[in-house]
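Notes to accompany the following structure.
A, B, C and D label the chains in the order they appear, each numbered from 1.
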Amino acid sequence: MNTTINLAGVELKNPVMTASGTFGSGAEYSEFVDLNRLGAVVTKGVANVPWPGNPTPRIAETHSGMMNAIGLQNPGIDLFCERDIPFLKQYDTKIIVNVCGKTTEEYCEVVERLADEDVDLLEINISCPNVKAGGIAFGQNPQAVEAITREVKKRAKQPIIMKLSPNVTDITEMARAAEAGGADVLSLINTLTGMKIDVHKRAFALANKTGGVSGPAIKPIAVRMVYQVANAVKVPIIGMGGIACAEDAIEFILAGATAVSIGTANFFNPMTTVEVADGIEQYMKQYGFETIDSMVGLVK
Amino acid sequence: MNTTINLAGVELKNPVMTASGTFGSGAEYSEFVDLNRLGAVVTKGVANVPWPGNPTPRIAETHSGMMNAIGLQNPGIDLFCERDIPFLKQYDTKIIVNVCGKTTEEYCEVVERLADEDVDLLEINISCPNVKAGGIAFGQNPQAVEAITREVKKRAKQPIIMKLSPNVTDITEMARAAEAGGADVLSLINTLTGMKIDVHKRAFALANKTGGVSGPAIKPIAVRMVYQVANAVKVPIIGMGGIACAEDAIEFILAGATAVSIGTANFFNPMTTVEVADGIEQYMKQYGFETIDSMVGLVK
Amino acid sequence: MAKKWKEQVTVISQECITEGIYSMWIQTENIALEAVPGQFVSMYTGDGSKLLPRPISICEIDKEKKSLRLVYRVTGEKTGTKQFSQAAAGDCIEVLGPLGNGFPLEEGKGKKAFLIGGGIGVPPILELAKQLDGEKQIIVGYRDTQFLYNEFCQNGTVYVATEDGSAGTRGNVMDAIRANALDAEIIYACGPTPMLRAIKQYAEEKGIVCYISMEERMACGIGACLACVCQSAEKDAHSNVHNKRVCKDGPVFLSTEVEL
Amino acid sequence: MAKKWKEQVTVISQECITEGIYSMWIQTENIALEAVPGQFVSMYTGDGSKLLPRPISICEIDKEKKSLRLVYRVTGEKTGTKQFSQAAAGDCIEVLGPLGNGFPLEEGKGKKAFLIGGGIGVPPILELAKQLDGEKQIIVGYRDTQFLYNEFCQNGTVYVATEDGSAGTRGNVMDAIRANALDAEIIYACGPTPMLRAIKQYAEEKGIVCYISMEERMACGIGACLACVCQSAEKDAHSNVHNKRVCKDGPVFLSTEVEL
């Protein structure tokens, strides 16, 4: 049995990775899980300069999920390269840097800055509001998706993962646009935009009014989108959205994902990632699967 | 204190109604709740002819929600008019008939057939796949939304509610299109498309592969959309999606809904509708609200 | 219309009767008074993430104590049935019932009857066996371990089939009927679809009246949502299409009414 | 790095100590051994629809028995804290801890100190009072009913403020300090933001070292998600912006470090 997978030429020891923004750069969770056991660590989104993020409250609980409006607080690419990459290099796991920006130029600056760094893949978060397009996210318009993919791809030394927004009518349109622009891998889904109102305070639960819904609540929507995208493009897919156990991860793999990311579940079970890795192995043994690839997209 | 509301000239004794498809035409739930206590009963979608619906399994449980692919099984407008409307006329509640179809003509046929029936409002479910547009739902394209609204409005004797699909990039675009087409009221949200895979059987949980996700899991997305639409159009809004208690209903009202519909919650608590009606009154007393209108859209 | 209630029932006792199969007595206020054999209840987990009912057949009815016995299988680790199995005497569970139509007892009066249960379809046959007034040949099929055997023996002649041959006839309930050269004038059956399909065919070949109890995923449990339909042979009066609702029109159907 | 554990702890005892306020002792395996005053734990509800942790301060630590006391308010009907309040001795709860930095005890050694708690910020002051080695003036403020009063009396001189005047000084903790003409060389405080703001200002005016324990909504509880930040006066070394994480860099901060 072999759990390795291949993402655009990068071999991961298993398909289990972390979802950006839920795992920092791994330091905090390294107290709970052996990072060497993970296929990859995907870092919190990093921008060209430090971002302070949104005012608090930044999170709220929802039924079987949560809502966040962290606002992409990050220390900026310089401190990130100096501190977070060396930390992760101590471990035998792949490093995927999640990149955010408000303009194409900002994304490109980060991507160029990472060219000489020892990281394995770049994940481009295009759910960020595009300031030049009046704040609608890059990921909500196929032309914008293709354009930013192309610009980033031109400059990237590492293979690029385009991370799709689920807040769209037709996710396959965005997936095809990213593929056309040169994406090596697609990851999905980012959070669904939500809102919560405290009826007793008659105020928004989040200072930002809206936030991104994540966790088990959104899993059926995420599985559907992964299935649709897997049937629309040729590049490999990293599936995520509500994965909390091995069965959940396998659901995404059977729907068409080559790898999976675990986000919100870390917050209620810091050992989730490793438990999922173990559970996938067990499942493969139980049903006699020799490789991950033989399970990818098996349910049609 | 006064809980009445006005929807396009129709006065409802309170803002609580049922969500189409979850309450039949009221007969079954009349064993648990006094239908006289409801602002309105919204019936299961009805088409020009009987529809057999989808094969089973038609439903699956999801975290804090469920997924359905009933496939709009319905007895057809003739039997409906003969049996369901007279049943509901026994009660002092408003009757809202939910209408479905596969073509504009089919919708129009139902609407015309209802012209002389004693029903108060029509709710047009445009989440149905538009067979002439290759199966993409009417509600996922603003031109289609405006066109079908216009056609239906032309023929309808009763005020029309256009029921919006949440599976879109920008719900306000659809809301404005419906308003432009002549919608008297908007209702939202219908279900979010999801998928579930049984990893042990390696098969879809639903015979239809995909289904519509409803219940508390989707509430934050529904509240966000109601808030957006309330700030984009002038017509009143019926809010729904995961309402299970009075606080949930009030959350929608504060976000901008004039009325609320209760769907999935009926399945786990058949008394939900009446409990919500009672809870709204309590809330109004507690905080000194004299009318529902004074709460609509209060949180900005 | 028969009355139904949503009640907060109290667990009287809970017991694991064989691996993975639990037997629970619950104290109801009204449900037991109204219940008839072949009806079921909807059980709710109380966990906010598991909202749908778990339909469970009524295995025994004690009208005097207003209590019901439910016998159910735990289907997996993080399931609702697992949660029920952890309830102890005194704990409360939300239950909706009694639901469905139940087995028609009048039709079987004084007749030579097969009462057939397969797997987790065995439990409802027990109360049927207790209440049916006729010549009762009870045929129960299991994969391996039996349960409720002694209770059945008090209510008729019992024939057992096990797939692994560990007890009674090796094979299924049809094998047991053949092996014991049994015959009947009326059949009542509950169990997995392949078993029901075989019984339906057998009954129709022999021209015997046959009632089968069906299963389907449910949401409302009371006939409103149209989740739980099965295909009917004729156009159904309520649906106006070839669909009947298992939760309301069933779960017990005449074998000739439905397509399997 | 101090060790943390996610443990399935057992409830030793549970008591309602005043209306809506509960006191629970839990049996841990490791958490209590590592815990210091001012730290907190994340409690999980076990209900699949309520996934986020409820951060609760450590009120008392019994290293010998490896147990912790948690004193918490039930905030509403369908809440996680309501669920905790229904746990009985023997029940299990998932807990992550110990979390955060805790109150610095060395700084206060031998000094004349204010130990200030307000409302549901009172509990962590108890273990602090037990462990701090100095002249302890404990000032506790309540809306109406007091709790933990007797326990405080065993660990210092106690001054009470109540908003309704039902005990001690009518008003808040600052009113109690003024009414009793108290002074101090160091301050430790936990309570609602307006109280902390007043104390911060008081301390800075008097030039006293002051530690305050802050609250914010949390998701991870260990410093990874950046949900729980407060604004820092200077650029923070970790975040590289003016934000500190309450769960990891705090919850206890020097009053001069943070903006309120």
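Here is the rule we go by: contacts are C-beta pairs under 8 Å (C-beta built on N, C-alpha and C of every residue); 3 or more make two chains touch, one makes a residue touch a chain.
What you see is a predicted model; the values in this text were computed from it and never measured.
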Item to complete: Between A-C and A-D, flag the pair that has more C-beta pairs in contact.
Response: A-D
Practice prompt. Would you identify the chain whose Cα-based centre sits farthest away from the centre of subunit D?
Written response: C
Worksheet, complete the sentence: Chain centres from averaged Cα atoms put subunit A and subunit B apart, in whole Å, by 34
Worksheet entry | Distance between the centres, which are taken as Cα means, of subunit C and subunit A, whole angstrom | 46
Fill in: Approximate Å spacing (C-alpha centroids) for the pair subunit C, subunit D
55
Worksheet entry | Geometric centre distance via CA averages, subunit D-subunit A, whole Å | 35
Fill in: Touching two or more other chains - residue numbers and ranges from subunit B
63-65, 215-216
Item to complete: Would you please write down the residue numbers of subunit D that are in contact with two or more other chains?
Response: 48-50
Worksheet item: Which word fits how the chains touch one another: line, ring, star, complete or other?
Response: complete
Discussion item. Help me check something: in the complex, which residues belonging to subunit C touch subunit D?
Written reply: 47-50
Fill in: Residues of subunit A that touch subunit C when the two form their complex
63-64, 216, 245
Worksheet entry | Partner subunit A, residues of subunit D touching it in the complex | 1, 3-4, 6, 44, 48-53, 96, 216-230, 238-243, 248
Practice prompt. Would you tell me which residues of subunit D are touching subunit B in their complex?
Written response: 48-49, 78
Worksheet item: Inside the complex, what are the residues of subunit B that reach subunit A?
Response: 62-65, 67, 136, 140, 167-170, 192-197, 199, 202-204, 210-211, 213, 215-221, 223-224, 227, 242, 247, 250-251, 254-255, 283, 298-299
